[in-house]
Structures are given as C-alpha cells and as structure tokens.
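Following this line, the structures themselves.
Each of the next two complexes has chain A plus one other chain: chain B in the first, chain C in the second.
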Partner chain A sequence: MNQYVLLKTDLNRWVEMARKKYRVYAPERVQEDIFFAPLLGPPESEFLTGLAVLPYLPPKDLVFPQSEILFSYSREGEKIALTVPDQETEASVLLGIRSCDTVGISWMDKFFRENFNDTYYGRRRDNLITVTIACNRPIKNCFCVCCEGGPFLDPGKNSFDLQLIDMNDRYLVECNSDQGETLINLDPALFSAPPPDMEAMRNRLEEEARSMFLPEPTSYMGTAIRRITADSVPSEVWTELGERCFDDGGCTFVCPCCSCFGVGYLAHGSGGCHYRFWDSCDYSGFTREVSGHNPRGEKGERFKRRFFHKLSYQYVKKDGRIGCVGCGRCITACPGEVGMPTVVETIRRSDTGDSSKE
Partner chain B sequence: MIKNTPTICSFCSNGCGMFVRSRGGEAIGVIPLTGHPVGEGRLCHRGWNRYQNLRSVNRIDRPRIRDGSGFKEVSWEKALQKTADRIRGLLDRYGPESIGVIGSPWLTNEDNFRLSRFCIHVLSSKNLDGSFRFAGASALTALGSAFSYPFGSLGTIPRLKECPSILVVGGDSHRDFSPVGSRIIQAFLRGSKVVLADATVARKEHFYAAHLPYTLQQLPIALAEKSDILDDVQQCLSHKGLGLVFVADQVHPASSLISLLGLLSRLSNLEDSFPEILPLSRAPNLRGAWDMEIRPDEEGLNLHEMLERDDGIKGILIFADDLLTHLPSEPLVERLKSLEFVLVADRFNTETCRIAHCVLPLPLLAESEGTMTNCEGRVQKLRSALPPPAETRSVQKILSDLSQKVGSPLPDHVDFEVRKEMSRCVPGYQQVSDESALDSLPGVLLPGEKQLSAGAVFPESASSSSKSETFTFVAIDTLYGWNRNQMILESPVLAIEYPLDPMTLCISAADARALKLRMGETVTVRSKEGEVRLPVQPNEDVPVGMILLASHWKDVLDRLAGKGSVDTLTGSVYYPALSVTVEKI
Partner chain C sequence: MTNIYLPHLARIITIQDDTYDTKTFGLELVDAEARNTFRFRPGQFLEIAVLGVGEAPFGLASNPNHPEAFFVTIRAVGSVTDALHKLSPGDIVGVRGPFGNGFPFDEIKGKNVLFVAGGIGLPPLRSLIEPMLDARSEFGDVQILYGARSPADLVYKNRLKEWETMQDVRFMMTVDVGDSGWSGNVGVVTTIFPKADIIVDNTVAFVCGPPIMIRFAIMELLRLGFAPANIISTLERYMKCGVGKCGHCAIGHKYVCLDGPVFSYREMMKLPERVV
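Presenting the complex of A and B:
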C-alpha cells in the first residue's frame, strides 16, 4: 500500500485528467436524490468530504444493473441470429464510493466471479477502478462499524483501489492496487509524499469516526449471528418480523450485498430476448415451485431465510464475512420499519428459551 | 447514459413518487423518490418492478379494424374514419342515447375530462361511466353523500401515522398498499391503537390491538350493538383524530359506508374534526375519473344499465379499460359482445380488444403527461419517462380528430389548457391551474370538506344481521384484482407474485378436519337459492365457519345467491354474506 497527499485544490485537475481517459462516475443530485452518473464537468464537492452522504442506490448497479439483456435473437427463414449486446465496457472510474459500498462490491466479486465467472459482471468489473472516500462522520442510519464495512477501509483487510481520507484542505490517498496506481500516474506531480505525522493523524480520524456511532441497536450483531446460527430465535419472533414485511423487495434492491436475479423472456414475432433482473427473496414467487407448493410460503419463513443468509455463521464461513456492510439503506427503504438494526435488536432481546443451543 | 425521470407510479391509488430509469428509450429500472410525501422513499413490489411492464411485447402495435373473424391493420386515418362513420351511423339511426362512453381510472384527469366533454358535447349522449361502477362507485357515492360533494381531501397518508387510533376495514388495506401499511406500523410504534375489521381472516397481525370479525356491512350494526364489541375498542374508535382506511373497490353497498361514517361520528361525538379517511383503490385514478364526471347524470345510463337493458345502447366507446375482464357477469359480457359497434382504445392486447370492431393504440401512462388524483385527493403530475411508440396516439389527438370527423369539432386543447378549464368547471379543482404547485413534489391537495352532511344515516338495528346456519359464504371482491391487472400480467416477476385465483372454496383448516376434507376434495354448498359443487382449499388463515370464493366466479355466485343484491344508490350488484350448508361428496 502506498500513501500520497492530494490537495483538494488539485482534485478537479486530477478528475479532469481522468475524464480524458475514463468515464468517471460520481454522485450527482437529481431533485433531492443522489445518483452515480458520468461526470460531464467537475464533481460536486459536497459528495467528496468526510461526511457520509450516500446515494439511495449503492453503485452496485454499475456492475450488476437492475435489468440487462443477456442476448437477443431474431429469425429470418431458417437463419437464426443471436446477439449479445454491447456492454458499457468503457474503462471507468467510480469516484466518491463510500467504504461500505466498496466492501459491497468486493462481496459481489466473490459471488459473481469466484465459483463461476459471470461474463456480464466480469466485463464491467474489470473496467472499473474505485476511488473510495472514507467517512469521518457517519449519518443517521449508518452502522458500518458493526459490520466491518467502514468507516475507513483497512488496506490490510479490504480490497480496494484508492481510498481518499478527508483532512480538511487535503486528502490522504491510500493506494491498494496497481489499478489505483495507474490513476495516480495520470499526473504524479499532483501527489506528494505524506509527512511523517500523517499516519497518526489518519488513525486518530478513524478512531474519532468510530466513536461517533451510537452504541444503540447496532452493536449487537454478534448475538444475532450466534442465535441465527444456532436456530435459537423463537419462531414467533420471525412471524412478528415477517408481519411487518411488505414483500416489497426494497431492502434487497438497495443492499450492496444482495445479488439474486431472475431471468425473463420477451418474444415478439420472430425475435426476442432473454434478460435478467434483480429478484428478491422477499417475494413469495422466489421459491414457489411449479406445482404451486411453496417451501417458504409464510412471510416469517422468508424473513428468517433472508437473515439466515445475511448473518448465519454457515454463510460467514462460505463468504468470508456477513452479508451486510452496515450502510443502513434497508432502513431507508423498508416500509415496515424492519431494517437490519431493528431485526438484530429484536433478536437480541428475544427470549430464546433455550440457552443450550447457543 | 441512464436517464432518471421523476414521475408518479400508476399501479394504485396511492400515487407514490418514483424515478423511472431508462437508457435509449428503454425502461431499465425504477427507484423511489425519497422526498415524495406518499412513499417517502419506499415502494411496494409493484412499484419496484414497474419498469418490466413498460417494455411489454403485448402492446397494440397499430390501429386495426375487424375483418371477418379477424383483424386487419390499417392507417390511423382509415381507423378514425371508420369509427366516425360508425358513430355517425348510430347517431343517425338510433339517436345519441344509443351510444355509451367508458372512461377509465387508468387515464389522466385531462383525458377523462376530454372524454366527458366528447360524450356530452360531440355525441350529445348522457351514457358515460367507468368499470368502477362495479367496484369503487359505491364508496365514492357514499363519501359524496356523507360529506356532500365535492369532498376533496379527506385525509393524507403521512398524517395517518399521527392518528391516536386507526380503524382498518379489510386487511388488504395495509397489506396491499404499503405506504398506508407503513404509516399504520409507524402509528403502532408510536403507541396508537389500530383495530382491524375483517370477517375473512382468522388471525390478526401483532400490530392490531383488536380484531372485529365483521364485513363492512355487518360492522356498523355490530358497533351499534355495544354488547358485541369490547369497551376498549369502542373507546379506541371514539378518539378524536381517528384514522379510517378501507379499499374503496371492496365497499358494497354504499349505505354500509354511510352507516359506518354516521356511527363513528356518533361514537366520537365530533363536530369539527372528522377522521383521516383514505379510500384506497387498485386503480390509480379512481378519484380523478370520478371527479371528471365519468359517470352518468340522472338521465344517463350507468355501465350496468347500458349493458343490461335490451333497449339500451348499440355502440360503446371504451377507453383504457379491459372491460371484458372487469365485467362481473357472463350475461353482461355476452351483451357487450353483441353490440353493433365497439371501439377500444388501449395500450395492451386485452380480452376486450379481441371483441372490438376497431382498436386504437394509446401510449402508456409512463409515456404520457397529465395529472392523476390519488386516494388522498392529491393531484399529481405524471411526466413522460419514455418516448411513446410511433404508432400510438394520445386521447387528446384521437378525440380531436374523431370530433372533427363526426362533425362537431372539440377544441384541441393541450393539457395545461384543459387544466385551466378544469379549474373553472370541476368542483374542488380550482387550484389545478397552478402549474408551479403541480410541479412541486407534493402536488396539489384538494381542499377538504369534512363536515358530515345530513346525508349520513345511522345504522338500523341488528335485524338485518344474518345468522349462519352452518357456514357463512363470503365473496371476496376481486373486480380490480391484481392477478387480472394487465400491468401485472405484463411483468414476469409480478405475474408470479399474483397467481390466478383457482375456482376453489377456501375453508378453515379446522373445518376441513371436522368434515374430513382434504385439499381438492369436492363439497356441495347449499343456500336458499341453490347449490354448487366445488373443490375445497383448506387454509389456516380462514376463520372457522367461513367459506370464501373470489367474486369473479360470477356463475357460481349466481347459482348460490340468485341475482345478488342491487345497491340502490349506485346501481351496482353485490353479494352480501350468505348462510350456507356444506356437505362432503
């Protein structure tokens, strides 16, 4: 890992250099909402400070879109033509992604690339360099500190390209990959070596950021993991939580770690396409069998399954971490007010009635 | 490059704010608008998956006219000329009363307003109505009668969470309409008492303080007879600032809602602050279509009369509604099929298109501009998120061309000009000409008039309460059922979420055990009027002593209940709960 210093006054120049070679995505405001969109000019500086401002959607849709055509076909007489659409494979930079979302992308990498290489995901991912901005100050729903999702990325543990740490008039830039280095090399003159006390200052900022998280419901992840793993959460708890779930799928769509998709078909005349779309384990149709039988027909059962996948040790062992990065988006998106912290807190408070299972 | 267009969802009457995301004119996704007052950054699963039906391949491609047993595609000019000739022919031969016009809760206010003007001024017909005659008209008639029309906004979804107590009539009100359900849960978390009235469920969710096992018809009577209802429930319902939530599509007859409103007013002894009332609907612009006077005046025929009376109409013009799917009875369907001329202007190839003499393609709501009025009485602007296909034409253009060809041209006003006219002529809509207010996220909330008028009546005594012999048979209202909604059917994910209702009787698992019935075994159900034989589907959620059947199995209902009951205030037919016996075959 290499460290550099970039003055904030030089940021726009660096971004301008990057824009000549890459498509640079950065947070942009549309009405009151924030989206990652290709930069057409300098980035909006309010999104590149230590204050954790999160777009509604994590940038996972840049590598795993809400829907995409897998292939289209057309037929003329006996001749059948198959087309795989041109992807947006232009080399891209994702500027201003937060720590939690960067960890989310690493999680996606594992899902889409480790057991099999999903070409659609892979082509986009190979062309994406991330420039994370660490969070010196969390906002209302943040709980990344409980999920090893931030507020700063750890170069020893996390996989990332570049991390910017806001130090008033400058950024400490941590470079953790060769791809990150290529961005530094766009104009090395903009980057200077950090002074000796910078590392201590970085660590102090990270400690301060961690101390700003409220201890309240977010620090009980461990208990929830134990109880879910041991299947010692009373079924009534799942039923009550399920009763507050509207099967809307919002929590799964906004989750940086949710990767489930379905495949649909459109056919018109002699042509058509296959496409995939974000699916959700909230939906009753997600597991319903052709016979009509549904192994998880009750909302509470679906809810349990979702959190088993997110938090159980079985999956932690398989995936290397829990399936939550603590971004808090599920709180924003859930009409039933049963985002991750509420679930974890409810499980912690539930009387298991059987402590031997833990 | 992705385009994010802020607009309004058009699945149901809540009208949540959303961005439709598109690339190259193709919808690729949807996300909620966080600053919108209805959804506040949340959507239901219909909303989240709305982009899927925006790229349906089942769109009507081009205008077409009947050609023998099939259709042939024709130019717009030819289709419109043919329609105009047929209309002219009917007018000349039978007079204006021979034509009926069907507006739609799937059209904007402006288009419904244009249709109303077209019917009255171009056709000189008074036969104007919508399929909501069969679902929704009773609720709106009741509200108009209880509060005097126009009743404007009777409550808002965000304010529901502040109600100290809420009466939810029908569990679908919270389950199916997540912004409302969300506020019910928020109210519960703040300590409010929420009471569920639903005869068709055996258990209540944990956030309900009490469950009243009554249908809307039975509820006012049960509430009036205090012995039936616990004191604390009575106390809950007498709180100042009560919230009242129901699905307008499920209100039958109008008098039951009027009675409930009268009773709640008497319980709470209110003079100036009536409950927050939210009449929900599975159609997006029920309120708007009603307010734009898509309904007959006293001399005109309603949809039921148009189709039922042999001396009624000869031709019908249907805009943006799959009437064949929504008509609740086979004879009405047959009558519709037998008309001399049927025009269908719609978006998808529906069942109704197949019986039309002329079919015209309309743009989707996501491809249109205009306003819709949600269940709160909030008028909101739709923004065109996608370019309409080249062969579609707006209702504005169709009516303008048709009126010219028929010989009484209508002014070809664009939407904001129509809104100016609406602000002058539609009661309660004075503010809709304020374009900057309409452009804001909250839109324009119609002024509310919450004075209970003399029209509200108190319930009669319990004499009409039915006592079950063995079982109570209830027809679950499915007129605007999601599993028959074209926008749902055009979305792969949502079509899976809403499987079709099988023609089976839902019975409680306990009753099934007592009768030694297993899934799929057939029973004979007998009422005073007749009997039917149907398979059963045991279900833990159905209360003991109750048999449920989806109401669109009209033939079955007719055999059990005769011709049903007529709502004298709206002319719609409904099926009150029946006493039946059940016997295993």
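Presenting the complex of A and C:
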C-alpha cells in the first residue's frame, strides 16, 4: 500500500483530469435524495467529507444493472444468429463511495466471479476504479462496525483501489491497487508524501469514528448469526417478522449484497432477446413452480430464507463474510420497519437461553 | 472466456410421443465442436430454451455412453413446455449445460441397485439405468419398480417391455388406476413393495417422481431398513440460471442447480427446510 497527501483545493483539478479519461460517478443530490450519477462538472464537495453520505441506492447497478440483455437472437430463414451485447464498457471511476458499499462490491466480486464466472459482471467490474471516502462520522442508520463494513477500510484486509481519509484541509490517500496508482498518475504532482505523524492521526480518526457507534457493537450480530446457523429461531418469530413484511422487495433492491435475478424473454418479429433483471426473494413468485406448488409460499419462510442467506455461518463459509455490510439502507426502505437491525434485535430478544438445539 | 448464459443452438432430430402429454425430444448441437465435445453424467440436466419464449431445466434421460444422441422427455405443463411441444423435427432450440452433480455411478459399483420411479420421474433415472445395463456385471442385483397414474401415463413403453424380459433385471410396474386393457398391478408404487422381494442389504435406492410419491417411497424404504445415506433422490425447484447465480433454487446454503439436483435423503434431512 502507498500513501499520499492530496490537498482539498486540488481535488477538483484531479477530478477534472479523471473526467477526461473516465466516466466519473459521484454522489449527487436529486431533489430530496442522493444518487450516484455521472459527473458533468465538479463534484458536490459536501458529499466528499468524513461525514457519512449514503446515496439511496448502492452503486451495485454499475456492475450489476437493474436489467441487462444476456443475448439477442435473430432468424433469417433457417439461420439463427445469437448476439451478445458489446463487451466493451466505458472505463469508470466511482468517487465518494463509502467503505460499506466498497465491501459490498467485494462481496459481489467473489459471488459473481468465482465458481462459474459471470462475464457480464466481470467486464463492468474490470472497468471500474473505486475511490472510497472513509467515514469519520456515521449517520443515523449506520451499523457498519457490526458487519466489518467500515467505517474505514483496512488496507491489509479489504480489497480496494483508493481510500481518501478526510483530515480537514487535506486527504490522506491510501492506494491499494495498480488501478489506484493509475489514478494517482493522472497528475502525480498533486500528490505528496505524507508526514511521519499522519499514520497516527489516521488511526486516531478511525478509533474516534468507531467509538461513535453503540458500545461493544461488534458482538451485536453474534447471537443472530449463531441462532440462524443452528436453525434455532422459533418459527413463530419468523412468522411475526414476516407479517410485518410488505413483500415489496425494497430491502433486496437497496442491499449492496443482494444479487438475485430473474430472466425475461422478449420476442418481436423474427428476433428477440433474453434479459435479466433484479429479482427478490421477498416475492412469493420467486419460488413458485409451474404446478402451483410453492416451497416458500409463506412470508415467514421467505423471511427466514433471506436472513439465513445473509447471516448463517453456512453462507459465511461460502461467501467469506456475512451478506450485510451495515449500510442501513434496508431500514430506510422498509415500510414495515423490519430492516436488518430490527431482525437481529428480535432474534436476540427471542433467545430464551434454551440452547438444546444449538 | 465462456459465457455461462449463452446457449448453444441445438436442432431437434426426433420427437416421439410418449403419452398424451409427454414427448421425448432427440437433440443435436448445431456447432460441430460443441457436438463432438458434449458429455454428461447420469442425473445431470440441461437448460433448454425456446428462444423468445423461455428457458427451463430438464433432466437428461438418455444413456451418457451415447452423448452424440442425447434426449430429454418433457411433459407439457407450462409456457416453455407447451412451446416445446409445438416444435417439429428440424426446429432449433437453445441448450446450456449439462449442469448439476448427477447420480453416483463408479462409487456404487459392486452394490445392489433399486430404482423406484413414479410417472415422469423415470426419464432422469433412465440416464442411470442404461449405463448400468451396459456395465451389468459390475453391479449386483438390479431392480426397477415403476408406477404411473394410468396405463396411458407410462413412458418408454417399448423399453419397459424389454426390461420386463431381461434375465438380469427384476422389473415390476403398477398403475394407480387401470383400464380395460390392463391386467397388471393396480395401486401406487409403494403397494408393490411387499411382493417385490426388495433386497435391503448392500443396496442403494434411487427414487424419482412427483414430490408426494417421493415422500411415501422414502418413508417405506426407511421402514424396510434402508439407511438415509443409501436413499438417493432428486429435488426440483424453480430455476433460472442453472449455475448458482440467480438464487431461485437455493435451499439453505445448497443450490439445487450446483449441489443437486441429486441428494441423498441424509443430505435432505440436514437442509433447513422440509423438502420431502
């Protein structure tokens, strides 16, 4: 890992250089919400500080779009031609992503690229460079510390390109990949070597940030993980939680670690296409079979499924971590107020201490 | 790099009417290289697409020793299967796969084998029965018990007659409801268990059919003394990608498309949902 210092007054110049070569995405206010959007001018500086900013949607659609064509077909007489959409995508930079979303992309990297490589994901991912901003101060719904999702990325543990750490009038820049160096090299004169005391200051900022969460937050998920793994959460608890679910799929669409998709088919004239789109395990149709039989026809069963996937040790073993990065978007999106923290808390409270099943 | 979602084109070579709602499609991959390198194991499945209409998983039904002439047996039950039934020889479909773990074969050499099939559950088992008959001397007793709703629902009628006459295969069949031309057994498949002289010792049982039939067959096999690890069945789930990405067929941390469709009853019992 290399470290540099970038003065905030030089940020726009660096971004301007990047915009000449890349499509640069950054958080942008759209009426009352914030979204990642392609920059047409300088970035909105208020979203590039140590204060956490959470765009309504994670940037997962840059690597896993809401819908995309898998292939098109066309018939000409006896002949059928299959065409895969252009494999070239524009080289992009994602500026102002937070550590939680960066960890979410790492989760997707492993899921989509290992054990049957998804080249649609891969071609977008290979063209994306991330510039994360560490969070010196969390906001209301943040719980990344409980999920190893932040508030700072750990260069020894997390995979990322660049991480900016807000130090008032400057950023400490941590570069963790060759792609990150490419961005530094856009204008190396803007980046200077950090003074010796900067590492200590960085670590102090991270400690302060962590202390702003609940006391002993890292053990918070433990009970839920243990009980879901052992399948010892009473079915009434799942039913109760399921009753509060509106089947809207919102939590899954805003989740940086939700990757399920459906496939649709279009025919028009002599051609058509097969395309995929975000799907949700919240929906009863997700598992409904052609006979009408539905193995997860009950809301409680779907609820159990979703959280088994997110939190069970069986999946931690498979995916390398839990399927939650603590961004808190499901709290905002859920009209029934059954986002991740509520579920974890409900499971903790339902623990009567009977561990006979575990 | 392989595109896991892009099908090979395959031509329908033969279509055989098995029953009033079931047809067997013989297929051939159009691309010569893909055709020459196509191999599969018993119990694996294909994702077959009617372009622009839909794609669904189907168990390979043919003998893996003859991968050049593979076939699938398909009952018309929904939009994709209805569209498939409307196709004719020479028509083109999309084919991805083979996918899935498949049945054990080399691992059970020397053992006795019992097949319990219900209705349209026979086709996937046939992909295991045929190569076993090719290597008959490497297995112990081979017994096939087949049940269908009615005589009209029996698939592969010509092949069934051959199995009936084979000296080294013990074959019995039954129908839930007979008709005027039927003089054989009547009753669900488990009703012929008592007269089938089932060997339990050193036997692996393969069970395939509708979910309710699988449930009762497994209960009966357990009662006879089969160990859960020696009862092997297949699970079906709504499925899209076939390669563990779309998420639809997940049960617990297992994916029917990757970790299945073949599971022992022992493995099924460990899943966090009731599956049989």
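Quick note on the criterion: the second predicted complex is superposed on the first by the 345 of 358 C-alpha atoms of A that agree within 3 Å, B and C clash if a C-alpha of one lies under 4 Å from a C-alpha of the other, contacts with A are read in each partner's own complex, and residues count from 1 in each chain.
To be clear about the criterion, a contact is a pair of C-beta atoms (placed from the backbone, for glycine too) under 8 Å apart; a residue touches a chain by one contact, two chains touch by 3 or more.
Predicted model, so just to flag it, every value in this text is computed and none were measured.
**Q** Under the superposition described at the top, does placing chain B and chain C together on chain A give a clash or a fit?
**A** Chain B and chain C fit side by side in the superposed model.
**Q** Which partner chains sit in contact with A:82 here, chain B, chain C, both or neither? Use first/second/both/neither.
**A** It touches chain C, and chain B stays clear.
**Q** Output check: A:35 vs chain B and chain C. Expected answer is one of first, second, both, neither. What do you get?
**A** Touch status of A:35: first partner only.
**Q** Of the two partner chains, chain B (first) and chain C (second), which one does A:67 touch, if any: first, second, both, or neither?
**A** Only chain B is touched by A:67; chain C is not.
**Q** Tell me which partner A:266 touches in the superposition: chain B (first), chain C (second), both or neither.
**A** In the superposed model, A:266 contacts both chain B and chain C.
**Q** Per the contact definition in the header, classify A:284: touching chain B only (first), chain C only (second), both, or neither.
**A** Only chain B; A:284 stays clear of chain C.
**Q** For A:244 in the superposed arrangement: first (chain B), second (chain C), both or neither?
**A** After superposing on A, A:244 lies in contact with chain B but is clear of chain C.
**Q** Between chain B (first) and chain C (second), which, if any, makes contact with A:337: first, second, both or neither?
**A** first
**Q** Please indicate which partner A:120 is in contact with in the superposed arrangement: first for chain B, second for chain C, both, or neither.
**A** So A:120 only meets chain C here.
**Q** To be precise, I mean the smallest distance between any C-alpha of chain B and any C-alpha of chain C in the superposed model; what is it in Å?
**A** In the combined three-chain model, chain B comes within 11 Å of chain C at the C-alpha level.
**Q** Which chain A residues lie in the overlap of the chain B contact set and the chain C contact set?
**A** 262, 265-267, 272, 279, 288
**Q** Over in the complex, which chain A residues touch chain B? Could you list them?
**A** Residues in contact with chain B: 30-33, 35, 37-38, 56-57, 61, 65-68, 240, 243-244, 246-250, 253, 262, 264-268, 272, 277, 279-280, 282-285, 288, 292, 332-337.
**Q** If we count contacts the way the header does, which residues on chain A are in touch with chain C in the complex?
**A** It is residues 70-71, 73, 80, 82, 84, 111-112, 115-120, 231, 259-263, 265-267, 271-274, 276, 279, 281, 286-291, 293, 295-296, 301, 304-305, 308-309, 312, 314-315, 317-318 of chain A that touch chain C.
**Q** Would you tell me which residues of chain B are touching chain A in their complex?
**A** 1-2, 4, 6, 19, 21, 28-35, 41-45, 47-49, 51-52, 55, 57, 175, 178-179, 181-182, 185-186, 189, 205-207, 441, 492-493, 496-497, 499
**Q** Contact residues on chain C for chain A in the complex?
**A** Residues 1-7, 9, 49, 51-55, 77-78, 81, 92, 94, 211, 236-238, 240-241, 243-248, 250-253, 258, 272-273, 275.
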